[in-house]
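The following blocks contain the structures, represented as structure tokens.
Across the two complexes that follow, subunit A remains constant while its partner is subunit B and subsequently subunit C.
Showing the complex of A and B:
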């Protein structure tokens, strides 16, 4: 039975007896230990959390005026006229939402490549990677469903192209076992993207996906707790010993710092730099996040000359595009799933920066350059034979890189934790 | 130092990706090539229309006024109290499109263009491909005065009656508004959307319905005449780059070969006015963005500076 002393209502003692606020504070922040040996890339997680927060807040403001009505450009006009012209500072929230959606993926990619580079996905950290990849997938669904909402030409036609993928392989493969023609109509609720389609994607974007994201963020933080955050050298730290040193005031010898205020102070500084970039883009350079084609209202009778996804989907789009339909679908599915398997494909026990891991170092930089190449080729017109060829080579390189990964990591020599 | 190196790597790869998917990709997607695959670079002509014949004669406004009835058989000039013989709907029924009122023509169109247009309309407007002999179609504007002097006189008269300064909307209406609606500017091809009130007991608005019916009929004639209904221009300024708009309006065929859009012949000043109107309806937040931006960025500069000092206070004696 809990014991309640007399205390001033809402005083620290009163709150602590009822909500254990002091314990919470200690466990979650002042005695949540982070390695000292880190750089600014370790702030990307907090930047992502902050950007997600900004997306939620700006999204709430937009949701007050958005109308999910596919008829007579009503949805289009609610975004481009009501929000942009009639609502005070509506343009501000919309530009924040559009720029934020693009930047959140830039930071996700930096965050992912940081994890790959420093080997932060193994030796107890597998679930961090898996929950992070789960977040990546749900963020992708969130971004795609959000892109449908302005109901412009690119919303409509991207919706058409992507839902068509669910038709599966052509009927001649395996006696049609991989062909699901009616699934597409079931998904759309119509033969073409229309009112049912828009309503469903609206619900996904403003309710279901954000809920799943919030749940996964909690899980992602939870998976960090026991294996702790990795550090720049992949060193195995005795966190309890180091924490004791810190608490004894021997800060120079301790290899850890408390989340609050030490780690947080650096996070906030990096966030400040990031927000300068963020708001520079919001005010002066938002066009990159709002494609001009989507400022034409959806027109089922007029296919745009070029249909392409937003930049963050381009690399996987380019793994689909250079091949025939069936082959492309297989590789596309492969590309979506293979990143998940990274902790199990990397057979080396080394947790160290990629540059100290021999062949894996080369593999890392090749993967990065290859994914950027795929991204750029994914947007360039495939009618140009040179671009089409580069794209195809990059797609095959991507697949090959993942096939060779287990083998090059199997023969990798052990690396000391610290250089 | 190490952190700055890492930052340089991150920025480098980010910028390469940005360059590839934005400026480079858009250039590749929108470039024009000839039959051999060589890129055609469009040289902006600054709305000087160098392909048209230079005007060597001086126009006489009084002589132009004397023969203006050659124009008012179809066109109205409201500022001079001259009504068009038919209203817009009837005109569209007869010609496909409503002949423009000429009150502001002298202020928005280029002088050289107008002289050439009066002498040879289809060539000057670049619509010869639509009205080829044997196509069974005739351009509604006939050759009224094939000699330069008469044409120059009429243009001199139009310029003499034109207001010195047009508002952006007047320029838009004169140059674009008979074919293009702008619903965010509450503009239809038949003029401003009227302010009406629905009947309080029936919740019906017959006046608005009648107006919409008229617009629908007008658009029907227009779509038949142009091949499709010319697009609403409300937010065109965001859908196309300003560079494209400039080249397209200056020379539609250079950007969209075979298009039904005529060369309308705006002057440089007229073009700037039209763009100003398109920005008013399509990108109205521009002045506000420019006013608020520096304050928000200033806030984050100070925020970052303070955060840096806070960080230093904690990290100074860690190593």
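Showing the complex of A and C:
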């Protein structure tokens, strides 16, 4: 057995002997080094972690009154009647949960585009990108399953349309080898979304997906540990040398700062600004996260005239919609998978901001503008031919951008000024 | 431990845990299967004797709307943008029940699943979502729908229609290639 010195119970020494709290603190925060050369965009990760925490807490309160019962609009009433008008401050948790779900995607997109812009997905950082994309996918599943729970018209019909995607290609392709109507019924546990469907999506939303998210967050942090976070110039920093300078008191010469307390103080400031926006939306503009169509209870005999997903799925929806069923499915699957491959499609060894990388800089801004265009077009009804055409062009542009990426990065010149 | 013993122990352990994992996977799959009660509720009997000519009746089967339309002798669509202006009364897709002809289809547009409305004076279905049109026999008159309205499995029993069961008339439609 290990040797224990006498110490006051629960004092620092006592705790350290039993739980190595000082080592933990040192390894995880006070000697976890962050470059000095960063900006507010580097705070998005902690903002995401904090928003996820808020979603968990508000979700716990909603869970106490929510009833996953598809009959007689019971689930619908438990949200729109019980939680909204009977439970004290029930509206508060619901608006936090709805606004938080929307903002978490806004921040995820900013976080992703920051990574793309600064090249923070290569030269040792590939796993950061991959685990991050894993989080994006699981967050998408979490958002979709949560959207089913109020069991309104949009929940029901979104559930119908999205599960229908798993039917695969139409039966005339390859003699029906890629057509799986029974898989769709199995997924729903019914011929249409019903009690079995609501029950299993409830389970996914409140237990399985959050568990997977928590696991992936730990992995995401873990992948960051050895390569460290990138910096504004993509500079390769000798972290050990710089850390030694900091610890020796030569803080001006060091290129790094410790996570706690220095980086965290910057983080907390950005978080403060973010939470002003967050709670402004929660209290004054929660309606942007509450689709009016979903305030009608689910009705299998009546389709809403225009079905569209929440804003954060619109870009991929618009890659599905302009094409015929089979072609649309192929491009939809392409769009979901291709972002994952970014570290391997970018053939240039340069880790530098996009604006110093020639063609890649143009590629980056085109991708951003194109995804915003897709998002706007995805919201509009498909009946207007002009907008439908713009959507189609934007979808083809998205696909083309990813096809040309390996070629434009292969001919990219090495970026000078590497320190 | 010798290599051989290590190998046998490892392989044995792997085989047993693998077997267990397969069992659990199968159990998990079966838990997601459709419940017997849901399957049993998948049959609906409808008496069509009270139906009136050219008046659409909507019933529900397996949670989906079912259109039942007793056709008039002249059910020619008022217009047909894709040129398919045949009299719907002569369509082979119709079911003959007690001497009258009926359209029996799932009332979901084959494009994206919206529910079309029936316009009796024009003898056609129109979908409000994306502008698709169907004749009174469910044939496409105007895209985007890629295929006719879907005929559900049925069995004719006098003036009654049992949905969910495959009767000889349904099997004949399948054999004739009218139902996929």
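Some observations on this one:
Keep in mind that, in the parts below, the second predicted complex is superposed on the first by the 415 of 419 C-alpha atoms of A that agree within 3 Å, B and C clash if a C-alpha of one lies under 4 Å from a C-alpha of the other, contacts with A are read in each partner's own complex, and residues count from 1 in each chain.
As a convention for this text, a residue touches a chain if its C-beta (ideal position, glycine included) is under 8 Å from a C-beta of that chain, and two chains touch if they have at least 3 such contacts.
As the structure is a computational prediction, the values presented were derived from the model and not from experiment.
By the document's definition of touching, of the two partners only subunit C reaches A:382; subunit B does not. Within the superposed three-chain model, A:252 lies in touch with subunit B and out of touch with subunit C [touch as defined at top].
Residue contacts after overlaying the shared chain place A:306 against subunit B and subunit C alike.
Legend: residue contacts after superposition of the two complexes on their common chain; A:92 is shown touching subunit B, with no touch to subunit C. Contacts of A:10 after superposition on the shared chain: neither subunit B nor subunit C is touched.
With both complexes placed on chain A, subunit A has more residues touched by B than by the other of subunit B and subunit C. Using the contact criterion defined above for the overlaid structures, shared-chain residue A:36 touches subunit B, although it does not reach subunit C. By the document's definition of touching, of the two partners only subunit C reaches A:200; subunit B does not.
In the superposition on chain A, the residues of subunit A touched by subunit B in one structure and by subunit C in the other are 305-306. Of all residues in subunit C, those touching subunit A in their complex are 32-35, 38, 42, 58, 60, 62-65, 112-115, 128-131, 146, 180. Interface residues of subunit A facing subunit B in the complex, by the touch rule stated above, are 36, 39-41, 77, 80-81, 84-85, 89, 91-92, 106, 110, 251-252, 257, 261-262, 265-266, 268-269, 271-273, 275-276, 279-280, 282-284, 288, 290, 292-293, 295-296, 305-306, 311, 314, 368, 372, 375-376, 379-381, 384, 387. Subunit B contributes residues 2-3, 6-7, 10, 13-14, 16-18, 20-22, 24-25, 28-29, 183-184, 231, 234-236, 238-241, 281-285, 288-290, 292-293, 296-297, 300-301, 303-305, 307-308, 310-311, 313-315, 317-319 to its touches with subunit A in the complex.
In the complex of the two chains, the subunit A residues touching subunit C come out as 157, 160-161, 164, 170-171, 185-187, 189-194, 196, 200, 300-303, 305-307, 324-325, 382-383.
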